[in-house]
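Shared chain: chain A. Partners: chain B in the first complex, chain C in the second.
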Partner chain A sequence: MIRRWSFVFSVATLIGYLLIPLLINQIFYTHLAILIGIHAILAVSVYLMLKIGQLSLAQAGFMGIGAYASALLTRDAGVPFELAFFLAGAIPALIAGVVGPLLMRTKGVHFVLLTFAFGEVIVLIFVEWTSLFGGNNGISAIPPASILGLQLIAPSSFLILTAILLSIILLCCHVAFAGDLGVVVEGLERNEALQSSLGVNALAYRCLIFSGSAFIAGLSGSLYAHYLSFISPEAFGFWTTVNALILNVIGGAQFLMGPFLGALLLAPLPEIFREWVHYQRVLYGVALLLLMRGLPQGFLGLILSRLGGRGNR
Partner chain B sequence: MLVQTLVIAATSSAYMMLLALGFTLIFGLMRIVNFAHGEFVMLGAYAVYVLTVPCGLNYFVAIPLAGLFAGLCGVVAERLIFRPFLGDELGAMITSLALAIILQGAVMIVFTVDQLSVPRPISGVLHFGSIYLPNDQIFVAGSSFLVVIAFHFLVHHTRLGLALRAVAQDTEIARAYGMAPSVILPLAFGIGCVLAGLAGALTVPLYAVNPFMGEAALLKAFIVVVLGGLGSLPGAMIAAVILGTTDAVISVWFSATMATLVSFVLVVIILIVKPSGLWGRA
Partner chain C sequence: MTSAVSQLSVRDLLRSFGGIIAVNNISFDLAAGHITGLIGPNGAGKTTVFNLLAGSLVPDSGTVQFEGQPINGLSASTIARRGIARCFQSATVFRNVTVREHIVRAGYLKAIGRPVDLLRRRRLADHKKAARDRAEELLDFLDLRHAADRDAATLAYGHQKILGVGMALATQPRLLLADEPAAGLNPVETTEMTELLRRVRYDRGIDILLVEHDLRLVMKLCDRIIALNAGAVIADGPPDVVRNDEAFITAYLGADHAS
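Take a look at the complex of A and B:
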């Protein structure tokens, strides 16, 4: 029962997320909603890794690879947006697929440290390889997204693209985890040795998830690049991943809707309270601390425990 | 050129040792990956700035005070924040991220995001024939080594050091033998932060101070500690020398970024051969 309700609730939230800004029809709210969507997609990629019990700090780096790939392919190589958008996911996924078997030999703390270093290396490459990536100045004049010849210049049309993409990603994750993959992944988090003894190739599955999470992070990067039409390396640093992690913790890191809920709550704050950005950092930190102490399941956990069930995982 | 490269290598090895020893000490005793370690380096640097520029104190007096300040902050952080997360690696890690954000935000509020600099207390160069060695780098290298030696003495030749090593090996047995983890752990955390604060204080005149300086320091500490084996003190020292030297040589002959890339590749290769690091316990 609670399962079905939480599914209905999720769909309703997504529809509300898309419709409310469109009905208000003010650029500022549409802008907020697009940012929420981009942050939420990155947060989902962090969520996927948390699902197998690993924290990857390279996700913003993958987002950056997607952003730069998409920007350069459309602007300089004349690749149509649809293809560039797909490649923005595929290239980081491929890179994750190659380094995955190496990084994934380690687990827990070692994995966190290695992905941290890997993410920093990605940003360093953006900064230093100036001829291709433009260094600290970044890349500007990125063409807007266009689907089948229709240019998505108006923010509302871009919001529709973001919302559809977010919904597809959430739905794919939901369907994938409802099946065999979900069982395997849950087993990997709880007891990998047991899982391996049943003939599951644990490393392959973990690499698959790592690759998938890089794919999603890359897509969020492409959205980011074509929405802002300007990207620079510092947007894809360590703290971007940390923010995505915070969205998970605050929303509820064990629920698929957790990252999205966290983004709904937190992503608008820096835009609304512009003058208070520094205070906000402190507030974020304090909120994170208090949540870790008092509400380790996040807000969604709180709501669902009130309803008396574990809900839509 | 060779001697100059060696001096740079010694400077960066010593600096990396300072960064990595504190980090690995905290991990070895508490299993906390302290993502706020770089922020303690930053606290040390800002403390030197406050003590020397607005307060007009002598730089050499400010260094130990800055170290102590960072250490005190560490003790407070351990007692107030990390205590409930003993044994919960992921929880402690996220908590340390929260602490890092809070410290960064606090510094931004007080000092804004602008770069600050401290006047160079040491200038001039030593030169023997065709070799020129900047005095300030020699000072950083020399004092860092002194701190490392003092730390080594503390760990290996004092009762406190014995207690630290005992708690690191087995907290429960150490407790049974009368060592109170509730005293040892904050103290160890504080010592780790003193080392970080000193690293910040010593290098203030060489680099500018800003709220984001912690990240680069953290990356250095990470790479060294992962290579040497998490929680291993000798591992951290040897890895600091290996990475400090490669870093210096490649920075001199190619570029600093190339150096970071090469050290990362080096670490990955070693981890593939030996996933627990050079000196790590499997």
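Take a look at the complex of A and C:
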């Protein structure tokens, strides 16, 4: 019953999001919706790590690698956006695959600190390697996204791309976790020692999830770069990952749709509070406190518990 | 079922944590066809030995061979695939999953031991089918048929521990490592567990090495006992011999009780 409600609610929310550009033709809301989509994709990458009981603070770093890769490949190497977008996911996934066997041997606080350090090293490389990444000034004049030669310059068309990609990512994650991978991942989260004793190579699966999460973070970076047409290292620091984690907690960290719902609720807040610029951070903090106090299981947890008992999936 | 050639050979196994030596150069052999008990007072090194055998810990030095092949240093999952299963205190891993499905999953998880195995769909389908058939047979063997369709998390503690044994059996091991199988059980459940382990050995031909604090159960069930103290083997032999061993009595009851 809960699963059915969860599915119906998820599909309805996604359809609603897909319809935003058709229903609302105001640039401000379109801009907000694009930010929601990009933040949600990054938050999904954090969700994947939470799914195996790990908190990775390197996700914004992977997003940065994707953003810089996509920007440089399209702007300087003339690579078409479609290929650059894929490589924006593949390059951080490859890097995660290389460092994963080292990082994933640690757990808990040690893993959190190691990924924090790794994420900061990535940002430092963006800052220090000025000839390639432009240092603190970042890189600008990033070409807009284009699909089959059609440039997506209008925000509404970029929103359609973001919405479709977000839906595909959520669908892929849903399908993957509904099958055998989900069985393994749930076991890793709940009782890794027992899972290993049943013949599952826990380290290999944890590395796979780490790479997958880096892939998705990289994709969000590509969208970010081609939407804003300018990127700088500060956008990919530790706080960006923390914000993505907050989206999970507010939306419901135990649900795949949690990150998206968290983004729907939270991403617009800084923009809405922009009118009261002096109190913006205070208002954001108070809103966050109230949401965490009122939604201990996240937004989706609250909705599902109202619809059909206790939300547990 | 016929007894497989299960032989574990442990040589000069050493493991320390910081400056504390938990397992101090211990050696023993397990011949096929036995239920062996590993006992000792708290801090004797029993659980460390178990973790070293199961691959949860890597020894500082020494070797472990299973059926003539070295297994020390291998991961827990590889050791499981070699035929050594471990049953844990709590076996309910999956949310909202029945007892039957827990046993089925335990039976096919090693077929997807590595991520690349997920792509071998036909092989996995065969393993799943075999695991389902095996689970039905195991439900009867474990006397859990009545609870087959219940959420495993709702089982009484004693049945959860039996499920743990069942999940280990689903991997088709040749050696079962049982970690305190009777811990937390009432006398009736302890008797049921004792009988189950006896049937695992004598009906299914699976050798058992168990760590247990309940000495009465160990003396009743095991045909060989290895007693540890301070990381070293202090007595080794049949229950009657170990029961009267001076070093064993001293370790458990103090020097005053030794003759």
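Methods note: the second predicted complex is superposed on the first by the 283 of 313 C-alpha atoms of A that agree within 3 Å, B and C clash if a C-alpha of one lies under 4 Å from a C-alpha of the other, contacts with A are read in each partner's own complex, and residues count from 1 in each chain.
Just so we're on the same page, a residue touches a chain if its C-beta (ideal position, glycine included) is under 8 Å from a C-beta of that chain, and two chains touch if they have at least 3 such contacts.
This one's a predicted model, so the numbers in the text were calculated from it and none came from an experiment.
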Exercise for review: Specify the partner with more touching residues on chain A, choosing between chain B and chain C.
Suggested key: B
Exercise for review: Considering only the touch criterion stated at the top, classify A:A193 as touching first (chain B), second (chain C), both, or neither.
Suggested key: second
Practice item. Would you sort A:R281 into first (chain B), second (chain C), both or neither based on which partner it touches? Key: first
Exercise for review: Considering only the touch criterion stated at the top, classify A:F28 as touching first (chain B), second (chain C), both, or neither.
Suggested key: neither
Exercise for review: Report for A:L55: first if it touches chain B alone, second if chain C alone, otherwise both or neither.
Suggested key: first
Point to revise | Which of chain B and chain C A:F273 touches, first, second, both or neither | key: neither
Review point. Can A:H110 be said to touch chain B (first), chain C (second), both, or neither?
Key: first
Study note, to complete from the structure: Touching chain B in the complex, chain A uses residues 55, 102-103, 105-106, 108-110, 112-114, 116-118, 120-121, 124-125, 127-128, 237-238, 242, 245, 249, 278-286, 288-289, 292-293, 296
Practice item. Could you please specify the touching residues of chain C with respect to chain A in the complex? Key: 54-56, 75-78, 80-81, 85-86, 88, 90-91, 93-96, 105-106, 109-110, 112-115, 118, 124, 167-168, 171
Practice item. Under the touch definition given earlier, write down the residues of chain B that touch chain A in their complex. Key: 27, 31, 33, 81, 84-85, 89-91, 93-95, 97-102, 104-106, 108-109, 215, 219, 222-223, 225-226, 230, 255, 257, 260-261, 264, 267-268, 271-272, 275
Point to revise | chain C contact footprint on chain A (complex, rising order) | key: 180-181, 183-184, 186-187, 190-191, 193-205, 208, 312-313
